[in-house]
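Shared chain: chain A. Partners: chain B in the first complex, chain C in the second.
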Partner chain A sequence: MTSRSENTYMMPANNYGKLAIVIALIGILLSTFGFVKDPGQFFHSYLVAYVFWVTISLGALFFLLMHHVTGAFWSVSLRHVVESIVATIPLMAILWIPIGFGIHDLYHWSHESVMASDKLLAAKAPYLNTTFFVIRTLIYFIIWGFISYKLRSLSKRTKSNNDILSMRKVSAVGTVFYALTVSFAMFDWLMSLDPHWYSTIYGVYLFGGAYLNGIAMVILVIAALKSLNLLTTEVTSEHYQDLGKLLFGFVVFWAYISASQYFLIWYGNIPEETIWFKRRWEGTWKAFSLSMIAVGFIVPFFALMFRAAKRNLVFLSSICLLLFVAHWMDMYWNVMPGFHRGNVSLSWIDLSTMVALGGLFFWTVWRSLASRSLIPLNDPYLNKSISHKNF
Partner chain B sequence: MKTNELTYGVLAEFSNPADLMHGAEKMRDEGFKHFDCHSPFPIHGMDQAMGIKRSVLGYIVFVFGLIGAVCGFALQAWVHTKAYPLTFAGKPYFSWQAFIIVTFGLMVLAGAFAAVLGLFHLSKLPKFFDGLFYSKRFGKFSDDGFFISVDSKDLKFHDEETSRFLESIGGTNIEVIRGE
Partner chain C sequence: MGNPVNMTNHKPKQSADSSAGAIIEETPLIAGNHTFSSITEKISGVIEGPTPKMWWVLFSFSVSLLLILVGSVGFLIWEGTGIWGLNSPVGWGWAIVNFVFWVGIGHAGTLISAVLHLFRQKWRTSINRFAEAMTIFAVICALLFPTIHVGRIWVLYWFFPIPNQMSMWPNFRSPLLWDVFAVSIYFTVSLLFWYVGLVPDIATLRDRAKTRGKKIIYGILSLGWRGANRHWRHYELGYLILAGLSTPLVLSVHSVVSTDFATSIIPGWHTTIFPPYFVAGAIFSGFAMVMTLAIIARKAFGMEEFITVNHLEKMAKIIMVTGLMVGYAYSIEFFIAWYSGNDYERFTFINRALGPYAWAYWIMVSCNVIIPQFFWSKKLRTNVTVLFILSIFVNIGMWFERFVIITSSLSRDYLPSSWDYYSPSIWDIATFVGSFGLFFTLFLLFLRFLPMISMAEVKGVLPQADPHHPMYQKSGEAHENK
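Moving on, here comes the complex of A and B:
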């Protein structure tokens, strides 16, 4: 066994973090200007960007939960990378605040006069009201924050099998809470944009996209670290292949769940349900919907099918970037058709909010990576993970 | 040696999986193509040690899966628009959305059949006879024996030289397999 010293596994000084914060500041400046100019557009763009990034950190959290629940050893050398992405959850809690201020711009149901005059909405009033909405969001973040804090602090002192077992216990219980909170968070933040419409599979559908892009983010952070000549022998093409397999599986899962949602609504053909898809089939939205299928499913499905594709980091990270494009389209497709009826109407605020939140996201990930060794040095399974092979 | 006897190959026994693996590596490096390793349990890394290329099974399954999907879709499109057009729930005859499920189902069916039958084909199964059955010792392969067998159809095969080579790489109980 080679002994590894902490110092050789600390990230050396680099400019990635600074670059991220500079980009974030530019984004924030432009977005503030956007807010002054057009608050309605700003809040919708902000919501798209927000759900894009929050689902990625939630996807990474699920990666971590599954890592512990299944007792996986192959991903031990990736664990600190995953935990650094999970470390963005407190940031995401703070970044939710603008949505709280934008409730009246975003959510139709938050106007009491609307609720009173609409019989269907009046029946939903005990659930859909501003106070309960904020309380629920608070509960979600307390639960996610608690799980991620617990896993990260336990991970810090992992030395024996007992530590691993206690992380497994936290994850087993955490998975149940995670499933419920993610589902309801997506009902609240996205599905309630159209308060008449509902789909019970909606939470699973967004979870699929979240986990998929959480994995993609893990791959991209590894690619960034590799570009600095780090983790050269600790993360190998065997790990890429396993990450690629997960990515492939969840490309299919996301497509399968979104097709299931569409299929049942199409079959049932009830106007109050089909309206949601009808809005996404009008004007240029139709082309947008169809290209999302191509970018999010058809291309990555065939590209990730081959073994060589999954073992090549450059190829794999370009597919991850493509999946990010698809994820952004997916979020945009969920939020915007209610705001821009009839046609897709892109705005520069869409870009500036994405850049602002993305910069802050990367800055947090990078700070967290720099705060400790890049791999869990004392984990009893570390060597097993590094020498892991696919058969 | 009786006149009507055939030489099927040479069999050598090894004492443990590690020796078997090293033996396989040496066989591969020596240039043998038609040889096989026998052990009571799978040994990780053996494919590489024996120099076996990745199986083409995945490509077979892909092609048959694609054929299944195309046939499944075409079948429904033909039935619902040409052969027996019926209106369901006021939907158009060509309702591709409804066809996806059967298309998917036929893709999985064709792919699964291709996987099972392709595996049988590539493993040359079913096989009711093999020259190795003439060996008395060979039965140990399903209990505690580790063997390397060299088929006589290998271009490098020569009963005495191959036996000597197997001995030099650590094989014991070398046996030239002959039978009718």
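Moving on, here comes the complex of A and C:
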């Protein structure tokens, strides 16, 4: 085994972090102005941006969990990159606070008068009430925070097989909690926007998008590091190809799950369910819905089919950016039709909140990357991962 | 695997070091210091040797069960579906339960051969052959049930979109028609996949055959395979393409089966999670069946060195994961039924847990959710006896899952005046038991006439299949400059 020194794998000083925080500050400034001007729009835009970024951190967390549970070695040299994305979870907990303040603007069920006058909603009151909603969110973040903290601290001192096995154990149990908390978080934050509507697959559907874009974020962070001439030999086209395969698989998974949801509701044709899709089929929403299929499925599906496409980082990154567009559309499509009935109505606050949260997100990722070596130097699988080949 | 040479930066012929966890799990995939020739001897020996007495005993028993099937299906065709326990709200009884049960069992074979192949899981090589065989036989059993359920079996061809003078066209919006397509495509692709994988092994049997009859039959079936480099290249590519084609089928077939229920508006059936939930359940039940059969076969034919405890443990893990997915679906369904605020939805689930079919519901929950939790313990999931017993529980649980879904929802739907309790007739039971006869008859014939473990693929995961193996260091300089 070749020995690698810590210093050569530390990220050299660069401006990416500063750039991110400057962009974040501009975004925050504009968004604050947006909040003053139009709180209703602000909170909805904020929720779209928030779920966009939080699902990416959660997707990366799932990537990490699967890495450990399956005992994968090919992704060892990516592990610190993945962990740096997972490091945004505490930030996401803090960034949830504005949603707590916007609860009356966002969620109809938070108004007691509405609940009392509606028989169906009254039946849900034990679950859909402000106190329990906040408590649940707190529980989700405690669980996610604990899993990610535990995995990151174990990862820091990974030297032997025993360390790897203990990460595997944490991940196995963590995955069970992850599945339940992510589903319920999505029921709470997104599905309850339309408190009458329900769909059992909803948690799986948002998980699919989350994991897909978590993978995409891993690829983009690698691309950013490569642009600084880092990880030149440690992450190779073999890794891109495997990441690309995962990406391809989950493009299909996301499409499969969302199509299942749509299809069964369309076929059943029960008004209390179809209303949700009807809102997304009115006016310009129809074009929006259809273009989401093209951007989120058709284009990436064909683009990622080719081996050469998956092995070219520039091409792969541009597909990831396209998937981010699709993911943003997906989140927008989940949140906004209840607020902007009839037609899509884009606002500059949609952009400013995305930029604000995105800047903070990247700043956190970058700080985490700078805090230690870019690859887990003492991991016994590192060499195996670096020399990994697809067949 | 496990030899120090693999640690260096090179590309072995079949990337033998690419299975996950090689450093932690030092245990080689194949135990007992086998060589290429000893593998051939061992696996072909089962087919070439004299028929064991036990085989005849089991075969006679299976054929007897098969005769029960023939008898009960014959009577059904003569008399009509009235001989079953079906009643007015419960128009789908055991026949559809059995259909879904058998289709589900089939899924493990495809998952092992296709998905695990794409995931570079080398351990699949010891179990894929008979898991694929199991898939095909299970799908045959599955196809039987809707076929006989239509009542007028002689007009079955109406299912197919064949132009005819009556201008009869199947209803393309009916999920039952999708089943026809989905399951028959699945059967065709699985059969092809299985057969393609068999070709090199059949050629081995042809070369070893002593009688003229065997030479001719195996000769025809092996399609002129000579093991040439070109043959292998085409084979590997063809296998990969079939794996790629089969992977979506793993998801699509059971998703389509789930739409038989989910496209209706019956509470407990109409729920959006059904497609992925059915797929997870299918893999869950299929792996349990593979486990049951693998444990019997390895014992009966002394294949413990090929199907090691390591293999069984990995299967146990998949059973646990898919069991958790099924448990997730049960809980989410229950929660959303409550969350919907819809009285009918809520009633259906309370009725399942506490109503007249509560016994079946709790069998389902115990077998599918509680039992697999034992696999968290390494001690239990490496104990062959425990694995055998638990895998049978899972088989039972998954049959009950379909029973609960079908019967409890139908027997108490919207109108209390039309409620009725369903219980099977003797013919339902005879047909179900008989289907096991069909399954095991086919399976025993397979064990007798075809190699139950893929010789060619198992050889590929031996350490000496790696051209850089120390064994070749003295003589084989030729490999270095490839």
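Details
As a working rule, the second predicted complex is superposed on the first by the 391 of 391 C-alpha atoms of A that agree within 3 Å, B and C clash if a C-alpha of one lies under 4 Å from a C-alpha of the other, contacts with A are read in each partner's own complex, and residues count from 1 in each chain.
The rule is simple: a residue touches a chain if its C-beta (ideal position, glycine included) is under 8 Å from a C-beta of that chain, and two chains touch if they have at least 3 such contacts.
Computed from a predicted model, the values in this text were never measured in an experiment.
For the composite obtained by superposing both complexes on chain A, the positions of chain B and chain C are in clash. By the touch criterion stated above, A:L220 is placed in contact with neither chain B nor chain C. Judged by the touch definition given at the top, the superposed model places A:Y267 against both chain B and chain C. Residue contacts after overlaying the shared chain place A:M305 against chain B, while chain C stays out of touching range. Touched residues of chain A were counted for both chain B and chain C, and C has more of them. In the superposition on chain A, contact of A:I85 is made with neither chain B nor chain C. Residues common to the contacts of chain A with chain B and with chain C across the two structures: 263, 267, 269, 389, 391.
Put simply, chain A touches chain C in their complex at residues 1, 70-73, 119-121, 123-124, 127, 161, 164-165, 172, 176, 179-180, 183, 187, 196, 198-204, 252, 256-257, 260-261, 263-265, 267-270, 272, 380-381, 383-384, 387-389, 391. Contact residues on chain C toward chain A in their complex (touch as defined above): 7-11, 14-15, 17-18, 20-25, 120, 248, 251, 255, 259, 262-265, 270-276, 324, 328-329, 331-333, 336, 339-342, 376. Chain contact summary for the complex, chain B toward chain A: residues 44-45, 47, 54, 58, 62, 89-91, 97-98, 100-101. Chain A meets chain B in the complex at residues 259, 262-263, 266-267, 269, 305, 307, 389, 391.
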